[in-house]
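Working notes, beginning with the structure itself.
Per-chain numbering from 1; labels A, B and C assigned in written order.
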Amino acid sequence: MKTYLTFLARCFRLSFVGDRRYYAWMFFLTVLTLLGINAYCKQLVHGLATTGMTDQVSWGFYIANFTFLVGMAAAAVMLVIPVYIYRNRELHDLVIFGELFAVAAIIMAMLFVTVDLGRPDRFHHLLLRFNFPISMLTWDVLVLNGYLLLNLHICGYLIYCAYRRRQPSKVFYIPFVFVAIAWAISIHTVTAFLYSGLGGRPFWNSAVVAPRFLASAFAAGPAFLILSLSVLARYTTYRVPEQAFLTLRNIVTIALSINMFLLGSEAFTEFYTDSAHGASARYLFLGLHGHNALVPWIWTAIGLNTVALILLFMPVSRKRSVLQAACIMLIVGIWIEKGMGMIVPAFVPSPLGEIVEYLPTWNETLVTVGIWAGGLLIYTILVRVTVPVLTGRLTYDQDFSAATGAPAELVTNHP
Amino acid sequence: MSTSTTVPGSETQGRPPDQRWLGWLLPIGFCVVAVGLFAGSGGPTIPVPPARAIEPSALHVAPRRTALSDPAHIMIEGVPQRCNGCHQIFDSFGTTVAARNYHQEIRLSHGMNDRCVNCHSEKDREQLELRDGTRVPYAQTPLLCAQCHGTVFRDWERGTHGKTLGSWVTQSEAQRRLSCNECHDPHSPRYPSYEPMPGPNTLRMGTPLAPSHGHSASPLQQWFHHSQSPTGGQEPHHD
Amino acid sequence: MTDVRIWDGPSARPPRQEPELTRRSFLRTGAAALGGMAALAAALSPLRELASDDIPDLGQFLQKHYKEMTPTDMEAALERIRRKVEERFEVRPHLRDIKPMEGVEFVYALNLSRCIGCRKCVHACVAENNQSRSPEVQYIRVIEMPRGTLDVERGNHHYDRPTVPDPNHFYLPVQCHQCANPPCVKVCPVEATWQEPDGITVIDYDWCIGCRYCEAACPYWARRFNFARPHLPKEQLNPTMSYLSNRPREKGVMEKCHFCLHRTREGRMPACVEICPTGARKFGNVLDPHSEVSQILKTKRVFVLKEEVGTLPRFFYYFDERYPNSLDPEAVAIAHRLKAEEGDAYGLPPGPDGPRREFIAAAQPQWWNGGRA
């Protein structure tokens, strides 16, 4: 127990230690987080009228980001599956980074739901009268919290074992890994059901929403991991095997192809049928009666995704820089497509045919940026602590300074 | 991709003395942020549409009009006059349409029903009379209307036409089903036009855009036109 | 599968000296911590403007869900609300918790042939139910529809004419349909909204967490959210109120039409029915076969909006049969023909066999017996 507390204390201390770039990055994120906190305080005082949301478009940027982040969290398993089911050893160590990101993404997702609440002071009502299993939102609360705990346990256990220089006991993590794989699929499926279960919103009321969510998540999540592993490889002693990037690239390529296919299927159904239910899709892609706020967004997304897909299919994306560019493009593309492009059009036109457009306000944007910065802050700290542990510089039998010291001899650690 | 051997924290010690000031950037930066946040702590601008004054009289609950009392009277030069006040003295020139011209206070606009004696008794203008000669008390004017407006009368009796005040409870004493002439003027029964009360003016509603219906003669063509081509001209709503 | 390479770190490493905390670095760290605290305080500073009733007091915080409150709990809650209303509006409200009546299921019917689109119902509702005047919260939307369609997307919510009705349009008012299978109730994560035995779907404003899932779920756009603190001038407060209906709402909660339950559960008419100048709005107990709504369901051809979504609304629309009136082109044509054939029809005394009889007979259904049923 004492060792564990020392471990936590050391982790805490370590998160404040770094070089100039580390401090600059953390300062940058902290400032953005503070801006977000400030904007959220204003929202608390003045109400959700500080956002661009209205009775007509009652969900906006927050829920869009929430949806995207649940997908990112679920995507962590796209690393776990090859390792534990297909026994891909190259990725083995990287699973932890994927799961750390899942932890950060889940925290961000839950924060986005929280800032979207009109009465956050009544959060405890969820514990007192929980409309389970009727309300899909209660399912979401359960699966998100469960997924957070699962991932905290798996990576916490593995990291602590490394700290103790112990071989992790299979019993304590293998079953959880398999549960987490099923669970990851479930969190995004439940989030999709949140929308697709509403008969009054034809744009969402489609069976393909859940598969689309999973496909886009399994493209954007590994793409983000490619980027963060690139940063790790570049700025730390941690050696990322080349095979990891190639495996992730394959996953991204396949998932993005499926996602584009499903998007096309959805668009075909809406446009070829051309029923009144297609009004939202028309609004999204073409504009409706002169209202076209989302048209530039969605075509940007489609353009970015298409270019990214073409790049990924070409051998040139084996080059790290091209791969990174493709990843950035597809993350932005998917962020738009399943965020603004998925949530907002369902509200336009309103069920009574009224068209009120939505764009996030400045305050709302600041809150959103703040949550993203806070999430990245958490992820950075988690990675900051994990790298020395995994490279054997932060262990129970060493002095704390080992973790912060020069790592010259450790580079040889990997053959 | 070059793997740098730089490690976070590797520079914390052994920094040359001339770069020590760098460490002060952090507290200074935080202070700048604090000042900036305090300075910019004004509330965000919310485009709340101002409340609109609604004339309370517009929401006064009452039957639309007061039916004539028994016996009937009309206003002549601002003085209430009973029908028989004149009709006992003057002959009523038969029952032709020309007789109406003497009642300048009465605007008779009841479609084909353009004779006084269709409802008023030919012998006693203060009395209402069915076509078969049955007298109808003023309280039972619906019977008179029913002679022509059979389907409406049927609906009124069932409660599916007309207005009910007081209570929805069928047996309730408070329930009052308005009679024909508490809404319709018997001489000019068509409903008047109303000035509509203000339309919605909700938060961030933007500029309302009236739907356009194309220019084709066929309603179906209009619909097709309407649903296919977005008609521009109105800028999208921005926050 | 068990081979975990990164755990094979160097087995032993020489202990290092912890770097000494120099005075300078201590100062720096302290200053950074202080600066960070100041920045955090600055970020939180807008909270100073929180109004006193934005922060729930202990009683409100611990208040139970409506269905779990004992009569004592309810009385305490009512008293708390009365006090708050008195503070804010300087009026002691007549506030109660009114329970549903036995053997009553409310149904609403709206005669689209009679609605003239005057929007009196919209504003009578606002006046009755203490909605926010700014930003505006209205439960009823009246849509001006072109003839020949029931597609609301072709309607106009913002019609602004000197007078209504416009002969080329009809008017479609929409409010909460009090569905028998309400999607809004299904989705609420905290059971803050539910269906009462008399068919009214209500909201416990003190329980709602403001997630707006119900607003997304409603196919009739019947629910409203208080995006800002509701603004209601003191002199416009309706002091007769009940817990589940028209007591003043707070920022961040949902609200919607509740069929004026503080009136209707005591036998009175909803405000929108009472104000309607044409009698287009009909309200009553569908379990009573003699009620107006029962008669309408029995004798009129009614329809509901968006039947395909399976919500089973308790709000029905109907049209009247065609009446013989001046707008009826067929009846007018007959009249003109008769006049032309008879020459100076005005000179003839009216009688049972006169032109008027034929005119009426032509315009009435076969079974009509002259209105003397």
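The working rule: a residue touches a chain if its C-beta (ideal position, glycine included) is under 8 Å from a C-beta of that chain, and two chains touch if they have at least 3 such contacts.
Predicted model only: the values in this text are computed from it and were never measured.
For the interfaces B-C and A-B, the C-beta contact count is higher for B-C.
For subunit B, the chain with the farthest CA centroid is A.
Chain-level centrality, scored on Cα centres against the all-protein Cα centre, points to C.
Between subunit A and subunit C, the centres computed from C-alpha atoms are 37 Å apart.
Note: centroid distance subunit B to subunit C, computed from Cα atoms, is 16 Å.
Each chain gets a centre from the mean of its Cα atoms; for subunit A and subunit B, those two points are 49 Å apart. In subunit B, the residues touching two or more other chains are 12, 26, 29, 33, 37, 41, 43, 46, 48, 202-203, 211. Subunit A has residues 31, 34-35, 38, 42, 45-46, 49, 54-56, 276, 405 in contact with two or more other chains. Subunit C has residues 19, 36, 39, 42-43, 45-46, 49, 135, 141, 151, 153-155, 157, 227-228 in contact with two or more other chains.
For subunit A in complex with subunit C, the touching residues are 30-31, 34-35, 37-38, 41-42, 44-49, 51, 53-56, 58-59, 84, 87, 89, 92-93, 113, 116-123, 125-126, 128-131, 134-138, 141, 161-162, 165-168, 170, 194, 197-201, 276, 279, 346-347, 349-354, 390-393, 395, 397-402, 405, 409-410, 413-414. On the side of subunit B, the complex with subunit C involves touching residues 12-13, 20, 23-24, 26-31, 33-38, 41, 43, 46, 48-52, 54, 56, 58-59, 61, 64, 95-97, 111-115, 117-118, 131-132, 143, 145-155, 158-170, 172, 174, 178, 183, 190-191, 193-203, 208, 210-211, 213, 219, 223, 226.
Note for the complex: subunit A touches subunit B at residues 17-23, 27, 31, 34-35, 38, 42, 45-46, 49-50, 52, 54-56, 230, 233-237, 239, 274, 276, 286-293, 320, 355-357, 359-363, 384, 403-408, 411. Interface residues of subunit C, counted against subunit A in their complex, comprise 1-13, 15-19, 36, 39-40, 42-47, 49-50, 54-56, 61, 64-65, 135, 141, 143, 151-155, 157, 174, 183, 186-192, 207-213, 215-221, 223-229, 251-254, 306, 309-311. Residue ranges of subunit C in contact with subunit B, taken from their complex: 19, 24-25, 28, 31-32, 34-36, 38-39, 41-43, 45-46, 49, 111, 114, 116-120, 122-124, 126-127, 133-136, 138, 141, 146, 148-149, 151, 153-165, 227-228, 231, 233, 264, 267-269, 273-279, 282-285, 288, 290-292, 295-296, 299-300, 320-321, 323-326, 335, 346-347, 349-352, 356, 359-360, 364-365, 368-373.
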